[in-house]
Amino acid sequence: MNARSLTLSNITKTYDGRHMAADDVSLDIKAGEFVSFLGPSGSGKTTTLMMIAGFQHPTSGEIRLGERAIDNLPPHKRNIGMVFQNYALFPHMTVADNVGFPLRMRGVAKQDKERRSREALAKVGLQGFEKRVPSELSGGQQQRVALARALVFEPDIILLDEPLGALDKALREHMQVELKRIHKDLGVTMVYVTHDQSEAMTMSDRIAVFNQGRIEQVGTPNEIYRAPKTRFVACFIGDSNLIEGSALGGGRFDTPVGIVEARSSQTDRNRRADLLLRPEMIRIAETSQGGRQPLKIDSTINYGDNLLVIGKLGSQAIRMRVPGADARRLEGVSECHVTWRAEDVHVIA
Amino acid sequence: MNVWIRSLAILIAAFVAAPMFIVIPMSFSSAASLAFPPPGYTLQNYVNFFSDPNWTQPLTNSLLIGLGTVCMTMLVAVPASFALVRHVFIGRTVFNLLIMLPMIVPTIVMAIGYYIYFGQLRLVQSYLGVILAHSCIALPMSTLILTAALKGFDRSVERAAMNLGASPFTTFRLITFPILRPAFTVAGLFAFIASFDEAVIGLFISGRDKATLPRQMFNAVRQEADPTISAASSFLFLLVLAGVCIWLAPQLVRRRTRLLGQTDGNGAAQPAAATS
Amino acid sequence: MEMFKNASATPLSRRAVLGAGLFGAAMLASPSIRRASAEENALYVNTWGGDWEASVKKFLFEPFTADTGIEIRTVSPISFAKLAAQKTTGVYEFDVTTLGVADVARANGAGLLETLEGHVDTSKLWEGAIYENGLATHGFATQMAYNAAKFPEGLKNWSDFFNVEKFPGNRSLQRHAARVLAIALLADGVPADQLFPYDLDRAFASLDRIKDHVRVWWTAGPQARQILTDGEVDMAGLWDSDAFGAKEASKEPIEIVWDQAVVDKACWIVAKDSPRAENGFKLISHIGQNAEGLAKFCIADQNGPMNPKSFDFIPAEVAARMPTHPEHLARAVMLDGAKLLPQLDELSTRFESWVGI
Amino acid sequence: MKLRTSPVFVEGPMPLIAPAVMFLSLFFLVPLGYVVWMSLSQPVIGLQNFGRLLNSSLFASVLYSTFKTALLVTLLSLLFAYPLAYAAANGSKRFATFLLTVVALSFWTSYLVRTYAWMVILGNQGPVTALLSWLGWDPAPKILFTTFSATLAMTHALIPFMTMSLFAVMKRIDPLYVRAAENLGAHPLRAFVSVYLPLSAPGIVNGCTLVFITCLGFYVMPVLLGSPRDQMIAGIIGDQIEQTLDFGLGSAISIVLLALTLAVYAVYNRFFGLDRLWAGGDR
C-alpha cells in the first residue's frame, strides 16, 4: 500500500471569528506512521480530522498529502480512507456492497471489485459475511466492515475517528491489537482520534495532544508520558503529582515537600516551575529521605495489582502507587516514609 | 382496562366507522333517490362511474393532478427541508413559518385568491393551475414529514460516501435518497392525498375539462342528484379500506411471527450476532 | 427490498404510490376516455343536468352533431355568475347557455352576449323568436307542488305557500331573484297585471315571512325534484317538469298547482368573445329550425315550445300538459323581462344578500 | 467568493431555500395579496366592504353561528375522541391497533364520501328517520339540511384529528403516575382527574385548536348538509364568488376569516409555541 506523509501547516478554523476551533495547528506525519490525536472533547482533534478529510475547511493554513496540497479538493477526490465513530455503514447495502462502494466509485471492474472486497474482508477476518446487511452484524463486526471499507481502495492515508468508542472493554482491547497488526501489515499512514489516553499510549508511534484548539505537544508515548511540556499534558495523560516549586539552580527546587532534585538542570534561579512526579515513581522507604517528613495516609484504594495511596506530604497532596508486592507493608499503617529518584522528577517549563 | 371504558371506546369506534359503510349498499341501489335501504339492486352506478366521461374524466384528472402535485411538492419540499434541518441561516424562523403558512390560511380564502389571480394568469381550468394550488396546500405537511425524517438521519453516512469517493450528487443518489426513501414516499403520498381529496380549490378553479373528482362529487351531491356518486364514494372508500388493510396486514403477520419466534427460542432470530 | 429492514419503511406508502401511478397510466390508456376532438369542431353548452340534459342532448344536440359534425359537450349547472366570470377570466367553460328572460336581458345589458343579428338567419325563424340576443325556444313554469298526504286540505296558491301558520312544513324555492320575487309579491296579494316592475320592499317583506321555513334554496332542477321526492321538503316552488317528475317518482302523493305559475322563457345565447362562437351560432340556427326536435324535447321535458311549427308534432292531449297551453297560461304569470330590466341588477344583489348575508 | 467545493451538496442554504421562497411567493403570497387588495379596491378603493360587513347584522349572525358551531364541534369531538384515545393509549396492543385502524379509516376517507354517507343516513328516506318513525315519532323530524346535520357530520369528520392529537400525548404518559397516585390512596376517578387529565392537557389543547380552526374555515359539509338559514362563514365567501360575483365583499369576508384564524394561532403560539401544534404529524 502506498503510504504518504501528511503535513498540516498553521491550520486555523473558526466559525464565528472569535472562538477558535483549531488554532495554528502544525504537524508533520511521516509516511507509514501511526499518529494519535488525543484530547478531551471539544479540543479540536475531530475538527482537525474533518479538515483533513475535507468535510470542513480551514479558515487559514495549508494541508498537504504527500507532495500535493489538498485544501481545494472536495472530500471525494482526496483519496483518504476514514473510519467513523459510529461506523457509518450504509444500512441499505450488504457488507459486500459497502466494502465495494469505494471501488465502484472508482470505476473498478466488477470481478476485480469483488475480489478486492473479499480480500479486504479477509484482512479484517470477516470472510463469508458478504451477503449480510449491517443491521445483522455485531458492533465489532460492523467496526471491521468499516475498516475493510476504508482499506479496500488503498487510500493514501487512513483516518480513524474514535473507532472503538462504542465497543465494550474486552472487544476494544482486542480491536486495538487488530488495528496495530493491520497497520504493521499494510504500512499505511494512520491518524487516530481518541480521548482515551491509554488507547493512544498503546497504539501510537506518536501522539499529538490537543487542548482548546491547539496542539500542546507532539511526541512518542514515552516522551508524552515522561516529559510533558505543559501542565495540561501532564494531567491529561496518566496519574500525576504536580508540585509547585521555585528553582534554586543546579536542578534543585524549593517546594512544599522540601528541597527536590530534578532531572533538568537548565532552570534559572528563583523561577517558578511545576515538578511532575508520577505516582508509580514514588516508593516506600525505610527511613526518612532528604529530611522529608513521612507521608500521612488519608485513604487507600486497592486495585489488586497495585494499591493507590492518597495522602499528604506536609501540605502537598500526594498520590502514590504501590506495587501489589509492597502493599502488605502498608496494612494498618497511618504514615510511611517515601522516596523517589531525581531523574523521575520532570520539570514542566 | 376497565370494561366500561373498553365498551365505550368500541361504541365510539363504531360511530366513527359505521356511517361510511352505508355507501356500499347504496352504490348498488337501483333508485336515483337517497332511499335506504335501496328498493332494488343494480350495477348501473358502477357502469356509469367507469364509462361516463363526466366521471372518468374527473377521475383521470384527479390522478394526474395528484401525481403532478407530488412532483411539484417534492421539488420544493425536499430542498426546503434539507435547508431547515442542516443549515442555520438568518431568517430561518421566518422561512419555517412561510412554509407552514398554507396550513394556517383557510382553504376557502386561498380559493378566492386563486380564482382571481389564476384568472388573470389564464391558469384557471388548467392542470398547472390546480397543481400549483394543491402543491401549496400539500407543502407544509410534506415538509414536516421530511424534516422529521432528516433530523433522525445520520449524516456521517453521507460523509463516509464522499470520503469513499462519491461526488455530492452520487452521494444523494446512492446513499441519502435510498435511506430516506420511506420518508420521501410517505411525504409524496401525503401530497397525493392532499390533492386527491381537495374539494374547495378544485371547485373554484378546476373548471370544465380539468374538473377534479371531488368537484364532480360536490356537484353531484348539490346539483344533479346523480346516483353515480354512490359508486364513486364506494370506490374511494374501498380504496382506503384496502389501503388500511394492507397497512395492517404486515403488522399482524409480524406479530404472528414474533409469537412463533418465541416458541422456537430466542437465539434463532439473530444467528449473525452469535458468531462475533 | 428486504434491505430496508432497519429503516422505518411503511409498506403501504410505497405500494400505494406505485399503485396510483400504474392506475393513472392505465386510465390514460383507457379508450373509455373520450377526448374532445379538435377545438374548432367542438362546442360547450351549459345545461341544467339530469333529465333536462338527457332530453336536450337527444332531441336538439344529437341532430345538430349529425348535421354539422360538431361535437357537443355539456357543463352543468347553469350559472349566470359563471357566464359573467368567463369574460373576466377569459377562460371559457361553455360557449352556449340558456337563460330566463330576466337573466338574458341583464346579461345583454352587461355586454355578456354575442349579437345574434348577422350570424343567425332570422328570416327562417318564427315571429319574435329573438329576444335580447337570445333565441327563445320554450316556456317553462315555476309552479307549486306539495305533499298532499301532509296537507289534505290542499294549497291553492302562493299565499298558502307563504302561510306558515296554516301550512307548517319545510319549503324550497329556487335561488333565482326574478322568479322568487314574483312569487313573493303574488303571495302578498299583488295582482298579476300589476306585478312589474317589482315593489322590492314589499317583495322582501313578504319573503321575510318564510325565510326560516325554506330549508333548501335549490340551484338545479334535479336537485329540487329530488328533495321533494325524498320528502326532505313538504312543498316547493319548482319547474313544471320537475314537479311532474317528483309526482311520478315519489311514494307520497304530490299535488301540482297551476294557479299563479310563473312562466319564463328559455333563451339560447352565445357567450361574448367565446372562442367557439361560430359553432354556437350554428347550434342556435339549428335549434331554431328543428321544430320536430324542439317538440320532442318539450314533450320529454314538459315545456311549451315557442316555435309554432312544433305543435304539428305534439298530440293535443300532450300539449294540454304544457305550461304554454292556453288553459295554463290563462292562470299563469309571464315574466316581463323588458319591464324588469332597470331593476335587475338591484334585485339580484339585494336578493343574494338577503339569502346569504 | 471561495472556490472551495462544499462538504455536503452545496455551499450555504440559499439554493435550497430559493425554490420554496420563489414558489410560495408566486403561488401563495401573491394570491393571498390579491385577496387583500380586492377587499380594499373592489368596486372602488376604500374600506367600504369592511364597512358593509360591520353594519350587516346578518354578517354578525353568520359570525356568531360559525363560532357557535365550531365551538360545539370542538367540544363534541373532544367528548368522543377522549375515551377513544384513552383506550388506544392504555389498552392492549391489539385493541389499540383496532381502534387506530378505525380512526385511520375515517381519517383517510374523502370528506365528500363522508358527506354523501351522512346525506343517506340523515335523509328523509334514510335509516334514522325510519327508526324514529318506527319508535312512534310522528311525523319524524327532518334532520338533513339543518344545523344539526352539519354539526354532526363535522364532528364525525374531525374526531380522527382530535384522537390523533390526544393519542400522541397520552402515549407518552407513564402509567406509573396514575398507579402511584392510586397507591398513595387516590380513588381511580380521583387519580384520573388529578393526575391523568392534567398530563393529557397538551393533547386536549392541540386537538381543540386544530379542530376549532379547521371548523372555522369548513366549506364542503356546511354547504352541502347545513341549513341556508345558518350558513357558516366559508359558505358565504363561496356565495360571493358563485352567486353574486361580489369579489370585493367576498375578499373582505375572507380577510375577516383569515384574521380570526390567525388570532387563534397567535393565542396558541403565545402560550404553547406553534412548533408543537403539528408535532403529531397529521394532515
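By letter and in written order, the chains are A, B, C and D; residue numbering begins at 1 in each of them.
Following the convention adopted for this analysis, a contact is a pair of C-beta atoms (placed from the backbone, for glycine too) under 8 Å apart; a residue touches a chain by one contact, two chains touch by 3 or more.
As the structure is a prediction and not an experimental result, all values here were calculated from the model.
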{"item": "Pair of chains joined by more contacts [C-beta pairs], B-D or C-D", "value": "B-D"}
{"item": "Label of the chain whose CA centroid is most distant from the centroid of chain B", "value": "A"}
{"item": "Chain centroid nearest the full-protein CA centroid", "value": "B"}
{"item": "Approximate Å spacing (C-alpha centroids) for the pair chain A, chain D", "value": "59"}
{"item": "Distance from the mean Cα position of chain D to that of chain C, given in whole angstrom", "value": "35"}
{"item": "Distance from chain D to chain B - Cα centre to Cα centre, in angstrom", "value": "18"}
{"item": "Centre-of-Cα separation between chain C and chain A, whole angstrom", "value": "89"}
{"item": "Residue list for chain B, restricted to those that touch at least two other chains", "value": "33-35, 159, 162, 168, 171, 179, 222, 243, 247"}
{"item": "Set of chain A residues in contact with two or more other chains", "value": "54-55, 74-75, 91-92"}
{"item": "Where chain D touches two or more other chains at once, by residue number", "value": "6-8, 123, 125, 240-241"}
{"item": "Sites on chain B touched by chain D in the complex", "value": "1, 5-6, 8-9, 12-13, 15-17, 19-20, 22-23, 26, 33-37, 75-77, 79-80, 82-83, 86-87, 89, 95, 97-118, 132-133, 135-136, 139-141, 144-145, 148, 155, 158-159, 162, 168, 171-172, 190, 193-194, 196-197, 199-200, 203-204, 214, 217-218, 221-222, 229-230, 233, 236-237, 240-241, 243-244, 247-248, 251, 255"}
{"item": "Contacting residues of chain D [partner chain B, same complex]", "value": "6-10, 12-13, 15-21, 23-24, 27-28, 30-35, 38, 80-81, 83-84, 86-88, 90-93, 95, 97-99, 101-106, 108-121, 123, 125-127, 156, 159-160, 213, 216-217, 219-220, 223-224, 234, 237-238, 240-241, 247, 250-251, 254-255, 257-258, 261-262, 265, 274, 278, 281, 283"}
{"item": "Contact footprint of chain C on chain B as seen in their complex", "value": "32-35, 50-51, 53, 56-57, 59-60, 63-64, 66-67, 70, 119-120, 122, 124-125, 179, 181-183, 185-186, 188-189, 192, 207-209, 219, 222-226, 243, 246-247, 250"}
{"item": "Chain D partner contacts - residues on chain C that touch it in the complex", "value": "79, 81, 84-85, 150, 170, 175, 211-212, 214-217, 230-232, 348-349, 352-353, 355-357"}
{"item": "Chain D residues within the chain C interface of the complex", "value": "56, 58-59, 62, 123-125, 139, 142, 144-146, 227-229, 231, 235-236, 239-246, 253"}
